[in-house]
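What follows is one structure encoded as structure tokens, with my remarks underneath.
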Amino acid sequence: MMGGLQPGFGAIGYDLAHLLGGAVLVLSFALLYQRRLTAVINIYAMQSWVLAAAAAWQGWVQSSAELYVAALIALGVKGLAIPLALHRIVRRLHIHRAVETALGIFPSMAVGVALVALAIMVVLPTTMQTQVLTREDLSLALSVVLLGHLMMITRRTALTQVIGFMSIENGLILGAVGVQGMPLVVELSVAVLVMVGAVVFGVFFFRIRENFQSLDDSHLDQVGGAHR
Amino acid sequence: MTSLIGLATLLLHVALMLALAPLLVGFIRTIKARVLGRVGPPVVQPWRDLLRLARKQPVVAENASWLFHAAPAAGFAATLAAAALVPGFALGMTTAPLADLLVIAGLLALARCLLALAGLDIGTAFGGIGASREMTFAAFAEPAMMLVIFTLGLLMGTTNLDAIALVLREVTVGLRVSLGLALVAIVAVAIAENSRLPVDNPASHLELTMVHEAMVLEYSGRHLALIEATAALKLLLWMTLIATIFAPFGTATPESGPLVWLFALPLWAVKVGALAVVLALFESAIAKMRVFRVPEFLGIAVLLGLLAAVFLFVSQGIA
Amino acid sequence: MNELRIIIGMLRELFSLPGLVVVVPLATAAWLSFVTDARRGAWINAGAATLAFLLACALPWEPTTGTLLLVEPLAAHMAILTSFIGMSTAWFSRDYIAVEATEGRLDPMRLRDYHALFQTYLGFMLLALLSNNVPGTWGSIEAATIASVLVVGLPRTAAAVEASWKQLLICGVGISMAFFGTTLLYLAAVPVLGSGLPAMSWSQLPAAAPAFPAAMLNLAFVFMLLGYGTKAGLVPLHAWMPDAHAEGPTPVSAVLSGSILNVALFVILRLRGLLDANPDAIAPGPPIMALGLASVLLASFSLWPRRDVKRFFAFSTIEQSGVAAFAFGLGGAAATFAGLLHLTLHTLTKAAVFQCVGRAVQLKGGQNFTDIGGLLVRHRALGLTLAAGIVAVAGLPPFGLFASEFLVLLATVRELPWLVAPLALGLVVGGWALAMRLISLCLGPPTPDRGAAPGWIALVPAWVHLAVVLVLGLAMPGRVAAWFAAIAEAAP
Amino acid sequence: MPRAGRFRQRRADCISWWCETVPALCAVPGAIALSPVILTGFALVVAALLGLGAASAVVHHHIPAGATRRRAAAAAALASRRIAALGSLGVCGLGFLLVLTYLLAGAGTATITLPLGLPGLGVPGLGVAGGNLLDGTRYDGGITLALDGLSGFFLLLLMAAGAAASAAALDGPGDTDATAPFLPVFLAAMALTLLAGDAFALVLGFELMSLASFALILTHHDDATVRAAALLYIGMAALGAACLIPALALLADGAGWDLRFAAIRALPPEGWRATLVFVLALVGAGSKAGLAPLHVWLPPAHAAAPAHVSALMSGAMTKVALYLLVRVLFDLCGPAQPVWWGVPLLVLGAGGAVLGGLRANLENDIKALLACSTVENIGLIVIGLGVALAARGADLSTLAALALGGALLHALAHGLFKSLLFIAAGAVQHGAGTRLLVRLGGLIHRMPVTTVCVLVGAASLAGLPPSAGFAGEWTLFQAVLGGPRIGNLGLQILICVVAALMALAAALAAAAAVRLVGVAFLGRPRSPRAAAADEAGPRTRDALTGLAVALAVVGLFPGAVLSLAEPVLRRLVSAGLDDRAGLLEVAAQAGMPGYSAAGIALLGALAAGLVLWLVRTLTTPGHRDAPAWDGGFGAPPPWLPFGDPLTQYGGASFAQPLRRALGGALLQADEIVDMPAPGETRPARITVELSDPAAWWLFRPVAELRARLSAFADAIQFLTIRRTLSLMFTVLVLFLAVVALMEQL
């Protein structure tokens, strides 16, 4: 249900949702921009908080209990637990603190901008019929997803890739909570979290440093196709 | 009536072919001797040789198989059958319906293969050399022969020699480029088939230069006699063939009756004799060519045959 | 509160027949995670799988449309197929794993994990097939993926860990795409079906599809196609598949190449139905065909340089999955029938092949082609079964894949004749490579044995599979043919 | 399906059968009741053969455990071979009588539908529209078997060759036990292909044939060359299927997705569709028939297989492929096809004929030699088919009938004499322990019966009158001779060249035949094993004699064989040969004198009689044995029991002139002479290298391309995770961009 707010510019519901969504996007850019691992983790945590805020706000707007739960989960797990775990991993495994980039910072920013443009271009015509709210949120969410993906492929170290993956997942949740009365939001966010958890667990369990075999180009070049 | 005449013609023809073949060889030798300024043997010498050889008991290698014993007679029989198909002085023999040019070529090929096998049977080097070269030359002679047959077949609408001869005799096809080229081609083929100069030297007794002779080196006595007779018969056969196709005038037909034979027989003798003289002069004029030049020689014959057929297409759109 | 009512309704559904098909494996999984005795675990595993299969066989007579579960012919067929593979693999793995344990490659704890994860995987696969709502399907596929990742990593070799990590990341990304697609699909459905569960239920989407906002539907399609295409191992999203097949325990390769691929293609097929129904949406066929054709060509050429048996057959799986996807992309009842038949028969055949390969690997103590050769000479039964399996995969008569490939080519000529050229090229190159490996595996001088020779019992599942493939391909009973035809005609 | 459904199904079948048969039968009185019975009989024959295969396999693998396990296994293997060979011998004999009665009774047509076959044609869009799958009122893809003159003619050959091959398999060496069960399956598959009445049955039989022969080739799989040959073979088979299925699909597409030939015949293809079908069928069937340049698999495969199998492959299987060609090009594509269809067949046929004939002269392994001559003969037959196609396109149906008849006659003759020669090759390998010409010789003394039969076969191979081979080649050449009447100067010149090449090929074949017989069977043995060779086993001798007799019959009465083909010619080219092919004579045009084998034989006999009489009267009988004179070399020393082997002409030396004349140009043959310096004691060596132009120009590049593409595929897919993800990401962005574009537009 619409929670008695009329969509469109000037509506407080719209503005704030838009603002929060925009904040998430900006934080994704920040993730792309950062060069230090710890900072990357912190920014990811920040992004999760903003996401939680967005979810809570949507919960208030749509006055649905589920979204509050989703917000709590986002805050608790992704805003606190996982970042702490990651910091721990960094300390435990003595992971090199600097981020190795495959694509330079500025070029990746430029590509990111292009991706956002693409996202808007794709989403705009699709949402003529649906609520403005959804339209904006959707394009933001898609941008966040694409940026996360970009981060995964432009950063060499496993941990940054994991964080990129998790920011993708943040984008997904952002899109999900933005949708009017989408059922099973909680279940879905939990499911996604399981995935994320599995990945983080994987990093921790498999002792994946930046020089884990399968993540190191030089290694795989010898273990080329001919040997498979 | 005509069937009786046909039979009579056939018998006379076969008898004459058998009788005259050695004489033809002797005649050619005499001419060649005269051209070279020698007196040379008498014309009947080949007959004498044949009979002498026939009386001798053959000496056969121990490891000879039955094929070695049978080959000369079988080859002679095949050649004789072919000879019985080629009309000489008169058309319309009993065998006329069978006288297909392809069949004649086939029978000659049969005789050749038999001799080649016999040449390989003892397992000597020279027999092998002769057989291998004989078959190689044949491989190049066949296409030329086939193209000549092709041309004649296209021109006459059949490959039956008797019919072709009849048409050529009755209808004046006029002087055709095709026929001229075909004549040259078939002469080349005939030279190769009869292992005459420049492809092979029948008089040579230096093994390395022999082709046909090398093949039969192991033969003696009556076997050798049969082989010599076969060679002679084959030569006469080819000359008759050429004469029948390219100089068809004056041959008797079943209708014309036996009296015409009085003209036809000498005429045939004259034609063959003329060809023999030409051959003799030609042979005494040139030398034997290297074995590996022969394919080129025959290849030219093939091309001429091809040209003959093509000219035919150009001159008359076959439809 | 209606939420509660829905939950209760779902619970009630779980204990109807279709629900049990799902519940039995999952419950068994829970039970198995406490069973430490390997032998008992194996027996329980096999028994539960059999029970699931028997229950699944009753599905065609139980068409249901609930809030949680949806049983329509296609889903029922897929469920039967998956549970059958599950059953025969469970029986196969009973003594396969025993050998592994005696060889000391797996300790009891791992064995417990193995059995529990096997049932978890099976259960979620079945749930994905039978679930009536899109997120449900998505969630169960994700769960199944995680389960399979853990199983693949079970042999703690570096290669296995690497493979499972690769699978985790790539499938994770794929899953996230699928999630986004699911959200978009919901968004597309909301205007028509209103917000709430109906907008997410497979049973209601097709009817409403024509009215969906086309653009949103397209976007949803793109994301879901790529997301589930990753699971189906379609090129270029296939990177995880060869490694997972090669490094995981063999029964897992058998199940992986069987089920997860089918489920993914099953979802893609449903999506195609939605887009076909919508007049202004993009044509779904071309993208699916493009991915399928790319898979066929790339995989068939990749077969040649392979040195690892299991990786080799993983690529052949990719090729066959490409053929099926291509057929589904073609559209039309005929092509759908062909694709469905191909999918079914290939699943059965490939499972049989992997079972034989697993045996051969245990026997020869290595999974390189250089280790395995001349099987026919000393182990005739194993060699013959493997040879027959490879012949079947290569699409030679008398086995069923010949008929299905014949039908696919026929349908291609009918729809888009010029596409026959690349497809046939791929099939020839692939078949040739298979023949090459058939010769090198089964014939020639035998390589030394380093392990125990399998008894003929171990081959019975493979024989059953091949027999079924033979019958379905050449002498399909009228009823079954009608059932297939009905599915194809009703298929979205 | 319900009982009522089954009843309706059966009724529908009966009606369709009636509509198929009766009109055709009324045309041919005497066959009214016969053809369906015969067809059913042949369905049973196929079933019986398959059953035999299964039975022999069961026997083979049912080995009683026990102390003497090894002996028990050997016994089981032997028993399985006995079952397979004896059974197929009986079944083939029966089938031969069956098909002979059928052909003599006028070859009516019949059709039956089996309950098993391709699933799913009931789906709308495939199969005939209308009706319902559940009650069988719809054609649901059950295999259709059809019998007509064409199938009958080729079945005659298949059954004869099959019987001979199974007889030879009976007392073949024990090392063929392993694959014995596949022999009847192979026969059954070929019979199924010939009997196929719809596209699926055709391809099914064809591929089953490939598979069974693949297994049979792999009998001696411990030999690497055998494995390589089998791999090449199966690859070509896959290629053939990949071409045939689309071709037949195109045909069915034109006929409203009814795969049955009856329906396709009713709506033959036109335009580009027909052209495509033509090309695909040519590649598909040609790859199996050994039509140049797709013949490369043939020599190694035939050399690798056991002798009786190569006999079947060369004698029958290549003919089955030709049957396929005739069926598609002449029957299914309908009469209204352009003249130029003949041209590719003429060119490829002539090329193959010469190439095969030449290689037959250069090969050293007698089975490879025979295989090459198969390539040559296939080329000749295809030339005949080409003339027939072109003539039919130009509405010269009498010429087309002559050409097609010649092709069929030569196909039959070649099937018979090639089976004979391959079986004899097997006997030689078994008896003399080798197939290499350089180790054989003098077998005529040790294997008299085999040698006589080989002489009969070799006469046909060399095309000498009055053999069967000559009859076929004579008819083919007469057809080519009539070719220029089709018109168009270009075509006329082409046909002229083709005639010359045919002659060259025939002469090369003659040389090859002389080389085979002369080197392997005559002369002195080149190895002790050859000197002590054993005569072929009794069953093999029976097979050889039977084939020799059959060859003699075909050679003496080619007209009779052609009259068996009469119904085919009337159906396919709407003209017969009955005005030209009598019992005793075959003529090119009605009323003209032609070729009378019997007459020639009689004439030859008379001549022989005359010669013998002359010899009796004029010469002294008897002869004296002595060491070979050998140009004066004298008797070989006692420590060289067979004489000095090196002074004897062998296979390589016999081929030398031809190799020098043609080999360099056609086969890149070059001789590497290693001449020791004066004073060195080592012998001089000459080695010859050949490479088939098809392998050079076609197969090697294709293989290289395949390898390069595989390398490329590996390069683009074995990436680090990061790059893999980038790939996925690129695809996603690409798809999104496309969608965005499509929505902007």
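Every chain is named by a letter (A, B, C and D) in the order it is written, and numbering of its residues begins at 1.
The rule is simple: contacts are C-beta pairs under 8 Å (C-beta built on N, C-alpha and C of every residue); 3 or more make two chains touch, one makes a residue touch a chain.
Just so we're clear, the structure is a prediction, and the values are computed from it rather than from any experiment.
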**OP:** Mind listing the chains that sit against subunit C and also against subunit D?
**Re:** A
Subject >> Shared chain contacts [subunit B and subunit D, defined touch] >> reply: none
**OP:** Kindly work out which chain lies most centrally, taking the average of its C-alpha atoms as its position.
**Re:** D
Subject >> Taking each chain's C-alpha mean as its centre, the one farthest from subunit C >> reply: B
Original post:
Cα centroid separation between subunit A and subunit D, in whole Å?
Top reply: 68
Original post:
For subunit A and subunit C, what's the span in angstrom between their mean Cα positions?
Top reply: 31
Subject >> Rounded Å distance, subunit B centre to subunit C centre (Cα mean) >> reply: 79
**OP:** Would you mind pulling out the distance in Å between where the CA atoms of subunit A average out and where those of subunit B do?
**Re:** 99
**OP:** Two or more other chains in contact with one residue: find those residues in subunit A.
**Re:** 122, 125-126, 149, 152, 161, 214, 225-226, 228
Original post:
Going by the touch rule set out above, which residues of subunit D reach two or more other chains?
Top reply: 714, 717, 719, 721, 725, 732, 736, 739, 743
Original post:
Which subunit C residues qualify as touching subunit A in the complex?
Top reply: 133, 135, 138-139, 142-143, 146, 149, 158, 161-162, 164-166, 168-169, 172-173, 175-176, 179-180, 183-184, 186-187, 190-191, 195-197, 200, 213, 215-216, 218-219, 242-243, 246, 302, 305-308, 311
Original post:
Contact residues on subunit B for subunit D in the complex?
Top reply: 14, 51, 54-63, 65-67, 69, 73-74, 76-78, 80-81, 84-85, 95-100, 102-103, 106-107, 109-110, 113, 116-117, 119-129, 131-133, 135-136, 138-143, 145-147, 150, 153-154, 157-160, 162-163, 207, 217-218, 221-222, 225-226, 291-292, 295, 302, 305-306, 309-310, 313-314, 317-319
**OP:** Using the touch rule from the top, collect the residues of subunit A that touch subunit C in their complex.
**Re:** 1, 122-123, 125-130, 134, 138, 141-142, 145, 149, 152, 161, 165, 168-169, 171-172, 175-176, 179-184, 187-188, 191-192, 194-195, 198-199, 202, 206, 208, 212-214, 225-228
**OP:** Spell out the residues on subunit D that touch subunit A in their complex, using ranges where they run on.
**Re:** 714-715, 717-723, 725-726, 729, 732-733, 736-737, 739-740, 743-744
**OP:** Spell out the part of subunit D that touches subunit B in their complex, as residue ranges.
**Re:** 441-442, 444-445, 459, 462-465, 470, 474, 477-478, 481, 484-485, 487, 489, 492-493, 496-497, 499-504, 506-508, 510-511, 513-515, 517-519, 522-524, 585, 588-589, 592-596, 599-600, 603-604, 606-608, 610-612, 615, 618-620, 622-631, 633, 642-643, 647-650, 653-658, 660-661
